[in-house]
Amino acid sequence: MAILETQELTYTYSVGTPFEKTAVDHVSLSIDEGEMVGVMGHTGSGKSTLIQHFNGLLRPTSGKVLLDGKDIWEDKDRIRDVRFKVGLVFQYPEYQIFEETVFKDIAFGPKNMGLDEAEIKRRVLATAHDIGLPEELLERSPFELSGGQKRRVAIAGVMAMEPRVLILDEPTAGLDPAGRDKILEHIKRYHERTKNTILIVSHSMEDIASFADKILVMSRAKLFCYDETVKVFARADEISEIGLDVPQITRVFGELRRRGLDFGKEVFTVGYARDLLLRQLNERKVR
Amino acid sequence: MENIIEIKGLHFAYEPDEEGKEPVEVLKGIDLDIKQGEFVAVLGHNGCGKSTLAKHLNAILLPTEGTVTVDGIDTKDADKLFELRQRAGMVFQNPDNQIVSSIVEEDVAFALENLGVPYEEMRRRVDESLRAVGMYEYRMHSPSQLSGGQKQRVAIAGIIAMQPKCIILDEPTAMLDPQGRKEVLATIHRMNREQGITIVLITHYMDEAADCDRVVVMDKGKVVLDNVPEKVFSQVEKLKAIGLDVPQVTELVWELRKAGCDISPEIISEEECVAAIEKLFAD
Amino acid sequence: MLKDITIGQYFPGNSIIHRLDPRFKIVITLIYIIMLFSGGNYICLAVGAAFTFGAILLSRIPVKMFWKSVKPLLPFLVITAVLNLLLMSSGEVLWKWKFLRITEDGLNTSLFMVIRIVLLIMGTSLLTYTTSPITLTDAIERLLSPLRKVKFPVHELAMMMSIALRFIPTLIEETDKIMSAQKARGAEIDTGSFATRAKNLISILVPLFISAFRRADELATAMECRCYHGGEGRTRLRQLKSAPRDYIALAVTVLFLVGVIVLGKLV
């Protein structure tokens, strides 16, 4: 079932001025409920503009955004409800933290939804657990925490609204490998528990390869492709051409194929590469 | 080759916020020499002390114990502070927070203005530095019109203009997109190659370290590994244990070795990996 | 969106007015203001207007841009005009209703004042339209530099001004981002009651302040690393050089001033 759909979505900045620029150009796509989607595209490709349409922060110049089959701009007074259903975590979200305690900051979204105290408490505790924040941190000031912890507080603030679609714009930007792995792992865990749809924007193909069922690629304001991870990485050459990197391991296997060593499979994680190579080596030995 | 940086028995502790508390020791005895013209990456996770170390190299912080000498100047020598900072320039993580002027060329001139360099000389050095980082066409632009990578290149030009012997870059690419990262890395590699400037690149991206002459790995305020990249990255288990990545090809080779394949552990580039796998299948 | 606001009202160009030395432009503007206030009759004002429009034509900036700078001050103009009109009691009475009356003198004073203020706004706008804020700061610093002798912190003030100018676009962009982020958490910023909006403002101001302080801290370190130590012994990349045209412009302005004073006495 499609949860989020766009039909010929177009967005033009500063219409009628010399700075006029189409950031999203006739994009039509349909995202099914429960999917884990990786979003790629380099700076200026329109991906940030596109995701800001999904929760109604931007209004299309033309075309439609459908949530559960309904146009989100049909009743513009209800656009706030859309924002609760489609949660958006911006880049460097720790800069939006403002409350005195971690608990209060995570509760900001749920409070704006008008939920009662008990429900707010339940949600804050549940999301803090999901994102791996120990309970004793909840009464601390968020400003005393480490960078990685602050980032998780900010993500929890959006998760606590229990949106049916959660969109994260480069959630691991600037973090070290350990911080990055921790956040991705907790997002995966949240996905497994809630089965909600998740979109993650990332510049790191290695990261995307590790979690995504499907990949959405934007290039020059247009949708380059939206397909299963395997199929997208099968187009490694085209992806390199539009200026995006494919994982190092994918490039290695591409080169091997060019040199006549074809394993007949797309490779984009180290674990898979190892298994594939070992299996092939064994088969040769048997022969 | 002569040492440009000499660090001996460096300890550093932050003064505690409240009285009665123990000072927090961040650097716990570091000995490190860096040769003139070297390109060194200092790798480590957040909080390992690598940024604190960087701040010692041009006297933003002074050692609690031990000495730091840069080009023969002890960082504790207050009389030579400006001379020291000219010889060892510093580039920071956030491109926005180190650009002072609203016009690119004036920002590049900032240090020279402070040092009282005469106009003719300043003009020449500013233009040269802007050309060296490929930002000459943007000299009259406002920084807010530039991309992150371009802003970092302007910051680098501002340091180059001081004609330093050494540049210390504290996670200069952490906030950039892949395009910006490439631009900045290409620029500093060129500075090292063409002008012989010593580079100390603080980072947590292993792929940036893989292209260096030497990799210094820090953990918990100490240097734990210090060698050429091939040797450092072949220690996959050790690096993973302290929360760092290794290149995918190195990890693959390590996994294959664990499974009993006969393959060199010191592989850090794609070409080497391709060749090694071919060899594996040729046997 | 906030991003669309233009900051400083500088219109880049290459006209003779744009190219004048900013120090001269500031001095000329000061003389111009004296000129407007030293003439006491309509002829003087006409001369002033001729000077203004002449300069505007030379700047090649469309006249409607100047109307834009006058527009926000219209309510103020109308109120002062009306007050003058009603409070002036001398002269021939033109219109009377109950205790309100309009006299010829009142009408003259109001009209005179309105024209004078409009010219004042247009003339000073010309200065900011043709000089970038950073150049203006620089020129002010140099004009005030003699004050250093009496320990007036000229350099420090100018440095603060230019850093502020440098960070205005950055902070606007940041405000935009924080606003979007809080809206995504359901904060009502452009909708909702005044009370909720005011409360939600905190969710924008706190992060903005924290970030501004962090930036200030990092910038200070970066400046120190580049050997900043105040205004002492500094040289400058930006050289302000006066050309013959600057002296000609100044001479023309002084001539106009003298003309206005003479006309004021004669007529």
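Letters are used for the chains, namely A, B and C, taken in the order the chains are written, and counting of residues starts over at 1 for each.
Operating definition for what follows: a residue touches a chain if its C-beta (ideal position, glycine included) is under 8 Å from a C-beta of that chain, and two chains touch if they have at least 3 such contacts.
This one's a predicted model, so the numbers in the text were calculated from it and none came from an experiment.
Viewed as a contact network, the protein chains are fully connected, with every chain touching every other.
A comparison of the B-C and A-C interfaces places the larger number of contacting C-beta pairs at B-C.
With each centre defined as the average position of its C-alpha atoms, the distance from chain A to chain B rounds to 30 Å. Centroids built from CA atoms put chain C at 46 Å from chain A. Chain B contributes residues 45-47, 93, 147, 174-175, 177-180, 204, 206, 243-245, 247-249, 251-252, 255-256, 259, 261, 270, 273-274, 277-278, 280-281 to its touches with chain A in the complex. Those residues of chain C that touch chain A in the complex are listed here as 4, 174, 177-178, 180-188, 191, 202-203, 206-207, 210-211.
Of all the residues in chain A, the ones that touch chain C in their complex are 14, 52, 55, 57, 80, 83-84, 87-90, 93, 95-98, 108-109, 112-113, 143, 157-158, 161. The residues of chain C lying in touch with chain B in their complex are 133-134, 162-163, 165-166, 169-170, 173, 214-215, 218-219, 221-229, 233-239. On chain B, the positions that touch chain C within their shared complex are 58, 60, 82, 85-86, 89-90, 92, 94, 96-103, 105-106, 109-119, 122-123, 126, 142-144, 158-159, 162.
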